[in-house]
Every structure is written in C-alpha cells, then in structure tokens.
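There are two complexes below, and they share chain A, which is joined by chain B in the first and by chain C in the second.
On to the complex of A and B.
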C-alpha cells in the first residue's frame, strides 16, 4: 500500500465516521428530548424513504446545495474564502424572477434567458468582493459577508416595490410566466430539470478544475500564489476569475431553484443555501464529482428532520444543531490521524521507501 | 538517545533505530548528507518532534521530553539553522522573552540587561544589551541565540549548521567561543557536513546516513576520504570538471540599477554589470547585502527604482514575469519551498507549471494532454535522477535534494538563454549538489548564461568564470579570472575590509 492509497482509505473512512457519528448523534439527541423516541427516530431515518414524493424531496433539496457547494469549491480551490455564494444565489433568484415576470418569451427560450440572467447577476455580485481585494486588499471574507446583507435587502426592495403582488397580504411577487418554469422530470414528485442541470454542472466543473489549463492555473494559485506568480501566472486575475465563475454558478443555482420549485418570490430573508453549501463542499473534499453525494446526504437529513418535526414531538431545530456538529467534524482534520500515522509507519518500516 | 525511530506523517522515515551518545564536555559532530536525519534527531532531543519509538537518557537516567520547555529544564538548548529572534526587539528583550522577571507591574529590564551583559562577558560573547536585533550582523545574531539558551540554563548546546550563514572570519570567531564553552564544561553537539570545520572544532563524530547511524569515530584516527565515504557511501568529486569558457554576446545587462528600499540607504546602489552567453557569473556576498533585491529585480518579482535592466534587448519590468520567462529566463529561487514549488500538487504538475502554453501539454482548446505530460514527466525523472515512486506523488513527500532537482528540471527544460541560480545547492545533499553543479556547467557549455548567487564560497570559486562580490548594495570587487583567488580574500571583500578601485570593478564587470 503506498501513501496515496493510505490517504484515500483514511479519507473515505473519515467520511463514513462523520456520517455514522452524525446519525448516532441524531439518535442520542432524540432519545434525550423525545417521549416517543422510537417513532421519532424511525420517522427521521426511514421517513424520507417511505414514499416516492419524499425521495423526490431529498433530490429537490439537494439541487440548490449542489450549486452553492460547487461555487464554494471553486472559490476555495483558488485559495479564496469569499462567502458570496449565499448572496449570489439570492440575487440569482431575483434575476430569474425579473425575467420570468417582465420578459414575455417563448417557452424554451424563456428559462434559458432567465437562468443566464440569474448566473450573470450572481457573477456580478461575486465580482465585487473579488475586485475590492484586487484593488485595495480588502479581505474578501469580510466584504462578501457584508455584501450578502446588501444583496438580501436589495432583492427584497425590488420585490416589494417593483414586482409585488398587490393582492397578497404577505410579501410575494407576481406570478412568473408559465413559459419560464422548469419542467418536472419525475412524475409524482417535484423533481425538476434543475437536477440534471446541477449534475451536468458537477461534471463540467470537475473537468474544468482537473482537466483544463485554466483549472490548472486555479489549482496552482490556490495552492501557492507565490509560486504561481513566479511561473508567470497573473495570480490575482486568476483568483478574480474563479470567484466570478463561482458567482455565476451560485446565481444559476438560484435561478434553477426558483424556476423549478416556485411560481412566486416569497422569501423574506436569504435562504442560507450558501452557508450549507460550505459544509457540503467540505464534506465532498472540494471535489465537484463528490458534491452531489454530499448534497444528497445533507438534504436527506433535512427531509428527515422535517418529517420528524411533523410526525413526532421533536422539533426541526434539533437538526440544525446536528448539522453544526457535522461541519465541525468535517473541519477536524486530526480525526483518525493516529491510525493514519500507524499505517504509514508500518508501511515505511516494512521497507517501502519512496 | 537509544534506538530512536521517527516516521513522519508523509511516510518519510527520518530516523531508523538510531543510537547517539555524547560525553559531557566534548564537542561532538553530527554529520551526514542533507536529509539524512540529523536535524530530526536533534529536534527529538529538543522536544520539538516526538519519536515514534526509542528512549532518551541523560546522565544514565531515562527522561521524557515532550516539548522544548522540558528540554531546557533538563539543560538542553538548541540553536536552529534559521534564527528565531524578534528583529524589532532589543538583545535583552529577545533573551528574556518568555522568562521575564517582573518588577511591580512592569518588567525588570535593568537587572535583565545586567544579566545579558555579564553572561556575554563571561562567555566571551558580549553584545550591547540595548541594540535592536535587526541592527545585528548574522554572526552577532548567532551569538545572541547561543546566549539565549545559556541564560535559560542549557548545559548541552545543539547547533544546527551554525556556519552556513557566516563568513570565514565570523566562523573563526564562533569556533573560538565554542571551544571556550567546552573548556568551561559545556557539551556541544555540532551539526554540520563541512569536514574541515568538523576537524578544526570537534573531538568525535557520529555519522548518519539514510536515517541510520554509520558509526562514531574519534577524529584523530580517520581520514577525510573515509569520512566522506561513510557519509555518502561513495566517493564524491567535489570539484566539477569545467572546460574553457566560450564567452558569447551580452544576454543580460544592468545599468546603474537602484533599489531604494524603506531606509535612507539604498539596498542596491547604482549596480552595473553585463552577463554574456556561455559564462557563469558568480555573485558572492554575506546575505543581506543586496543580492536578493538584485535577483528580484532581474526576475521581475521585485521592483527597481532607477537605472535599467536589459534582457534579450528588452527592459525588465516588475510583474512582467510571463514575458520575461517567454523570452528565455529560468530562475532557481533561493527559497524553493515558498517560491519554487506548489507543495500539494504532484511532481509532474510542478514540472509543467511554467509550460502551460506548451502545445505538448495543453491542447489548443486548453485541455490537459495527459499522454504528453506523462511522457515528459518520465523523461525528466530519468534525466534528473529524481528519486520518487512516480510523477503522481505529492512533491512534498520528496527530500530537499529531489525537490530541488524537480525545480532544476522545470527551469532547464524550457530552453533558457539565462539561468538565475540563487543558492542552488543550499540544504541539498552532496550527491544532488554535485549533480546540480554539473548541470549548471553543462548549461553554460551549451551557450546559456548563468548568474550564480551563492553563500558557498567553494561553489562560487569552483563554478564561476567571473566573480562579483557584493557589499552594502554595491560591488566591492570583480574578478575576471579566478586564478589565485581564495576564500580568505573573498571574505575580506565580503566583510567590507577591502575594496577594489571603482573603475577597475566597472571595467571587469562589463
């Protein structure tokens, strides 16, 4: 066994342990808070599989997470820590809504234009912290988080004053044209074309990061910007480019989610997919091909929690706690370090000198 | 230290069943090639690394050293290869950092200063307690490091390649101080692979090779050849055969180059020289006399404020690295870990990082061509004798010498007209050193121009066709021929004790 396969073994074991611990934790917490733990646990874990509709819920829930996680992956790969995927996603929703309501277009063209608009809106949002850093070395972490709030209230302003349904008592936009909606692809569920777009994006981004020149540049810049500059790459521009593309992906995700799942804009605050996307991206070890699996797992937990909240006495907030713990565990790189070291020692002392 | 084994998380076995023994009151050399495991062994003794197995005994008693505080408590102190000092603080503040004595709410500076002064005088290493560390010379900083651990109560001193950064004169001074310490009953472990220094200073030597002990010898009864054979397992020809220099046209010329820096005194003060194809131009100098600024300016990484640098008939500007590389400049940087490689990418990816426009590796549409890349990588690994399982392993798993060979392979495979080699063999084992030097000479013979910046005087004297000496941001000397030049002479110019006539320098530097 060489060092590379040891790393792979440890990585997959780590993932498995994170999943198992997460599930154990769910059970323990349920046991503590519930009077009918059997019912709660089974509705949490098995509930999501009890009907086609619920399985569909998992897939639908995974779609926005895939997009935001891809955006996070791209940003992290370039060595940046912009948190803009949240804002890009939300402004993407807004862009798709505007096109969906205001532009009368034929059916196939309409969603395409709406999605492109969503992506471009997201890209513009992501470009702002990137350029602030390029020009004035403003930390993208700070500017992106603050920008997320600006975007949230800007979007709410647009809906409230320009696209609001006058009849509705609560905040809701006008209905989008039917021609803009994304078609459902599995009947009996709400699983829409967006799932396929999401999976396609995973493949494309994997290819982009690992198989193209620009992807190679991004990985070089992300790993050691001094080195990439030294070999003649304009590191700062590559970082900006990666963030803009990431913003496009997140914005596109917002558009897909909106056109696939909603007919009106009803959010009163940013939905938080960008934040969950960070957990998904880390769980997928910043690899676009693994992103769908991580997204489906997180979506499964969310669907399970929803069912549990409805059919037992445990509240859905409990699951938010569990998700936080999972994120901490993913970030804890030292997990299994001892075992890894023992394997490597064994490997090395048995004469496998590199 | 008994049966010490250390395996690093990346799978490298640094020490394999090493037993190491030092007597009180001796200067003991710990020697071996770079990457042999000397530093690791000492870091274990100093509590900075945990051994995978094995035990440490002091005065016959087994001890458990978990961190440097434990080690210092047992009287073990270490001076690292790279100094661990705070430049903006004074000598005294550096010494007492972490062990400050309080006086009321503040720190008792007066008694601390007195202590530093007294200790300095006692051990013949006096430094002005109130000087800021950034104003000290390298040799003085080293004294300060030693003083620091003496004041912390060390009786066993570990010095990790202390002479690497010193001029011959400073080295002589250091040796006198160390002998003085030994006579006062201190024990010194001297890590080095410079045989002449070891002979001058040490009583006994332990040799480590590939992480294993190759024996302990008294220095009286063993010849240099025997020692070097034990260290590297074969005879190494340390002087490289060099055919006559065939000098061609000018490749790089610097005219009155100025780098101002932040202070009053410019870091580079109107430097002019010309480098021709087919020659190796050496630059000697104690570190910090403007060499880094010069190299940064030439390679486009750093700025220059006045004058002009011309390479292949066009002016070099900061940040224009891509164009500079395209017109044929290769650069082997001084600090390969932060500038020369991308640590988590593979050996192959590191080798093609500067060739992303090469159609062999990336197709027209910008897609990776794995076939071309793999073939190239295998070829390079063969040509440069890079020791690795294959090109796909992470470059960080390689030893220092092999990482440097990857850098060399990358820079030399892009058909350069000019190679800037900044400390190309620093921290590299003897075998790789020889290889790198041969390659540099081979490049020169094929018509490439080489600018060699080095702190290894033997390397400069052995490889250079012409040699410049830098002092205080200017050239202190220029030798058009190296016949009759030796390390002592260079040392005097490097320390600013001697200086050639300006006109003479500018004539021979052209």
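On to the complex of A and C.
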C-alpha cells in the first residue's frame, strides 16, 4: 500500500463514519422527540424511494446544491472564504426572472439569455467582496455575508416594486413567459434540463481545476499564496478570477433552479442553498466530479425530512441540525489522522525491511 | 426634516443605546477570541441558540435566573464544541463557525416547535425578561435622564463589561496569556503555557458574552423569541471587532457606529422609501465601515513604508 492509497482509504473511512453518524443522529433525535418513532424513521429513510415522483424530488433538490457546491469548491480551492454563493444564487434567480418576464424572445434563445444574465448577475455580486479584498484587504468573510443580506433585500425590492403580480395577496412576481421555461426531461417527475446543465458544469469545472493551467494556478494559490507569488503567479488576480467564476456558476444555478422549477418568484427571504452548498462541497472533498453524489445525498436527507414532517410529528428542521454536524465532522482534519499516521509508518518500515 | 429632528431627540439616543447592547456584548466576546488568535464565526449561531435557551429556560423554571443560566449554559456548550473541533480536531475556524450557524438555525426552530407547536415565535410561552433600572437623581434631569436612565439592566452591564474586559485583557495574568496567544504562540509555548488551553478559555469567555447578547434580544429588546431574530448581528459584531482593532474601547465605538445605523433604519421606516432599502441600511453601513477602515489602514501602512524608505535614503 502506498501513501496515495492510504490517503484514499482514510478519506473514504472518514466519509463512511460521517454518513453513519449523521444517520444515527437522525434516528436518535427522532427517538427522543417522536411519539411514533418507527413511522418517522421509516418515512425519513425509505420515504424518498417509494415513488418515481419522490426519486425525482431528490434529483430536483440536488440541482441547486450542485451549482452552489461547485461555486464553494472554486472559492475554497483558491484559499478564500467568501460566502457569496448564497447571494449570487439569489441574484441569479432575480436576473432570470427579469429576463423571463420582460424580454420577449423565441423559445430556445430565451432560456439561454436568461441563464447568461443570471450568471453575469451572480458574477458581479461575487466580484464585490473579491475586489474589496484585492484593493484594501477587507475581510471577504464578513463583507460577503453582509452583501448576502443586501442582495436579499434588493431582490425583494425589485420583485415588490417592479415585477409584482398586482392580483396576488402575498408577494409573488408576474408569471414568466412559457418560452423561458426549461423543459422536463423525465416524464412523471419535475426533473428538468437543469440537471444535465449541472452535470455538465461538474465535468467542465473538474477539467478546469485539475487539467488546465489556470486551474493549477488556482490550486497552487489556495495551497500557498506566498509560494505562488514567488514563482511569478499573480496570486491576488487568480483569487479574484476564481471568485468571479464561482459567482457566475452560483448565479447560473439560481437561473436554472428558477426556470426549471418555478413560474413565479415567491421567495420572501434568501433560500439558503449557498450555505448548504458548503456542506456539499466539503462532503465532496472539494472535487467537482464528486459534487453530484454529495448533492444527491444531502437532497435525499432533505426530501426524507420533508416526507417525515408531513407523515409524522417530527419537523423537517432536523435536516439543518444534521447538516451542521456533517460540516463539523468533515471539516475536522484531525479525525482519523492517528490511524493514518500509523498506517504510513507501518508501510514505510515494512518497505525498509523488504 | 422630521428625520433630523428625530435623530436629535432624546428618544433616539435612548433607542441607540438599546440596539447597541447585543452588538456590544457579542463584539466584546469577539475581542477576547480574536486577541487569542481565533476568528469565531459562530457568534451568530451562539446568540440565536442562547436567545431561545433563555426564553425556554425561564418559562420552564419559572424564574429569570433559570433562563439566564440556561442561556449561558447553551453558549458554553456551543463554544466548547467549536473550541474542541477547532483546537483539537484542527478544523478550519470559518467552517466550524458556519457549521455552528447552520446547526443553530435548524436547532432553534426544531426546539421551538417542540416546546410551543409553532415555528415562528415563542409568544405562547410565559417567559421572563430582564428588568429596567431607573438611576436615582439622574432620572430627574430633563434630557440626560431620559437618555441615561430607565434602560434594561443588560444595557448598563454591556457598558460596564467594556471596562471589565479591558481590565481582564490588560491587567490580569489570564489576559496577558490570551494576548500572547494571539501575537506569538511560540513564545507562550516556550514558557510552558498551553496555547490550546488558553484559547479554549478565551473561546468559552467569548461564548458567555455572546450568549448574554443573544438573551438580551429575546428577554429585553423583545419579550419573546422570534425565528432568525439575530439577523446578522453576530457577523456585524465581528466587523465591529475588526474595525475596533480588537481593543475593547475601539470595538465599543465601532459597535456604537453600527448600532446608530441600526437605529436609523428604525426611524427611516417613517419615510416614503421602499422598506427593503431601509432594511439594507445596517448591512450596507457595516460594509462601508469595514472598507473605510481597511482603506485607512492600507494608506497608513503605505505612508509608514514611504517614511522608512526616506529614512534609509537619508542614512545612506
């Protein structure tokens, strides 16, 4: 066994432990609070597989998470901690809505223009904290979170004052043109073309991060900005570039989610996919090709908790608790490090003897 | 015009002090943490959980003190989890904090629903609040009395804590260790003091301060817990700490600046501006504050470098 395969073994064991603990924790919480725990647990874990529509729900739920997780992956790979994917996603929804309502375009062109607008809006949002850091070293963590709030209120303002359905009693936008909607690809479900776009983005970003020069620069800057500056890479610009691209991806995700799943803008606050995306990106070990699997796992938990909330007395928020725990455990670098150390030492001493 | 009149009124100043209280507590907590070299992004989640724990604790124990103890305990538990995962399990502090916040937003709604059957607020629970204090003599002075007297007991405590934290950091052995931790951990290691242990204590102290700030929101500012009631105050406190350069007094000043805009947004609601823009004000002010501070810092560094260069030239 060489070091690479030891690393892989430890990583998969860690994932396994996290998944098992997450599932155990769900069960324990349900056992503690529910009067009918058997029913709740089975609807949580098995409910999502009971019909084609529910399996479809998992895939639909995974789509926005894939996009935000890809954005988070790019940002984290560049060594930054901008939390802007939440804001970029929401402003992306808004951008797609504006094009969907206001621009009359033919059917194939319409979604493309709407999605590009969504992506560009997201990129602009992500550029703000990146530039503030580039120019004046203002911490991107806090500025990006503050910007998320500003974007949320700005989007609500746009809907409320410029695109509001006058007859609706609660906040809802006008209906988007039918030509802008993304087509459903699996009949009997709501799984839409966005799933394919998301998977395509995963492959493209995997290629970009691991197989291109710019991707190598991003990884290098993220691992050690001083070193990459010494070898002549403009670290600051690479960081900004990665964040803008991440903003584009998150904004695109907002557009895809909106055009695929909704006909009106009905949110009253930012939906939180950006934060969940962090958990997904960490689960996928910041590797774009693994992101869809992690997204499907989290979406499975979310669909399960939704079914459980409808069919038993446990509320769906249990899934947020689990996500927090998953993030903590995945982020714990020291978990299983002792075992890894021993394996490597054993491996090395045996190698010496042979 | 009426807005200006309102800003220069005694009621506004009194409200300003009220909205500053939670920011002050949390940002003082952030000062302790950051002095020891830890960025605690979990403030937001700790405030939220403590706000709920205080309400539920006081409702079930039927006493204010019970609620206070529950809130503090909640803050300590979450801080200990944060500290354990960050210091022992070597998790990145930003990720740890985000995990705590994610956990908190789900956990509070989950527990709220179990206790009250509702997901929005805790109005059906009979919880206690911290009382207000009238300062004798001062309360009879016309304007000053209106501003300084009749506040929540925690508001006075917050301003007293500025001095207490300053004394703790700069005049006690523990404070010295915490500051040394942040400035040079090798130095403190070399004299045989555990870096991690000191940081652990700092994070726990931060948790206590933050949870009092959270409890003020649900047991003083309002009389109940409302879902997501912290609304970014934990993050704004971090910004206040960054702008105050980690000193208790500087942090108090920047917390007061941010609180001013928070209070301003309460008044602007009377104007005919779309309410969304009014709600943006505190967050926009925080970004503006951080950026102005960062510009001024980079400029002064540039100036210093230029002076150094000139000195070198003169000597040569």
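Rule of thumb we're sticking to: the second predicted complex is superposed on the first by the 351 of 354 C-alpha atoms of A that agree within 3 Å, B and C clash if a C-alpha of one lies under 4 Å from a C-alpha of the other, contacts with A are read in each partner's own complex, and residues count from 1 in each chain.
Everything below uses one rule, namely that contacts are C-beta pairs under 8 Å (C-beta built on N, C-alpha and C of every residue); 3 or more make two chains touch, one makes a residue touch a chain.
Keep in mind that what you see is a predicted model, and the values were worked out from it rather than measured.
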Partner chain in contact with A:58 - chain B first, chain C second, else both or neither: neither
Chain B versus chain C as contact partner of A:132, first or second or both or neither: second
Dominant contact partner of chain A by residue count, chain C or chain B: C
Partner chain in contact with A:143 - chain B first, chain C second, else both or neither: second
Which of chain B and chain C A:232 touches, first, second, both or neither: first
Which superposed partner A:197 touches (first chain B, second chain C, both, neither): neither
Set of chain A residues, in rising order, touched by both chain B and chain C: 337
In the complex with chain B, residue positions of chain A that touch it: 2-4, 6, 210-214, 216-217, 219-220, 223-224, 226-234, 337, 340-341, 344-345, 347-349, 352-354
Complex contact set, residues of chain A against chain C: 33, 81, 83, 132, 136-139, 141-143, 145-147, 149-150, 153-154, 156-157, 160-161, 275-276, 278-279, 282, 315, 317-321, 323-325, 327-328, 331-335, 337
Parts of chain B lying in touch with chain A, wherever the complex brings them together: 5, 7, 9-13, 16, 52, 301, 321-322, 324-326, 331, 333, 338-345, 349, 353-354, 356, 362, 366-368, 387-389, 392-393, 397-398
Of all residues in chain C, those that touch chain A in their complex: 39, 41, 81, 85, 88-92, 94-96, 98-107, 109-110, 113-114, 119, 231-232, 235-236, 238-239, 242, 274, 276-277, 279-280, 283-284, 286-287, 290-291, 293-295, 297-298
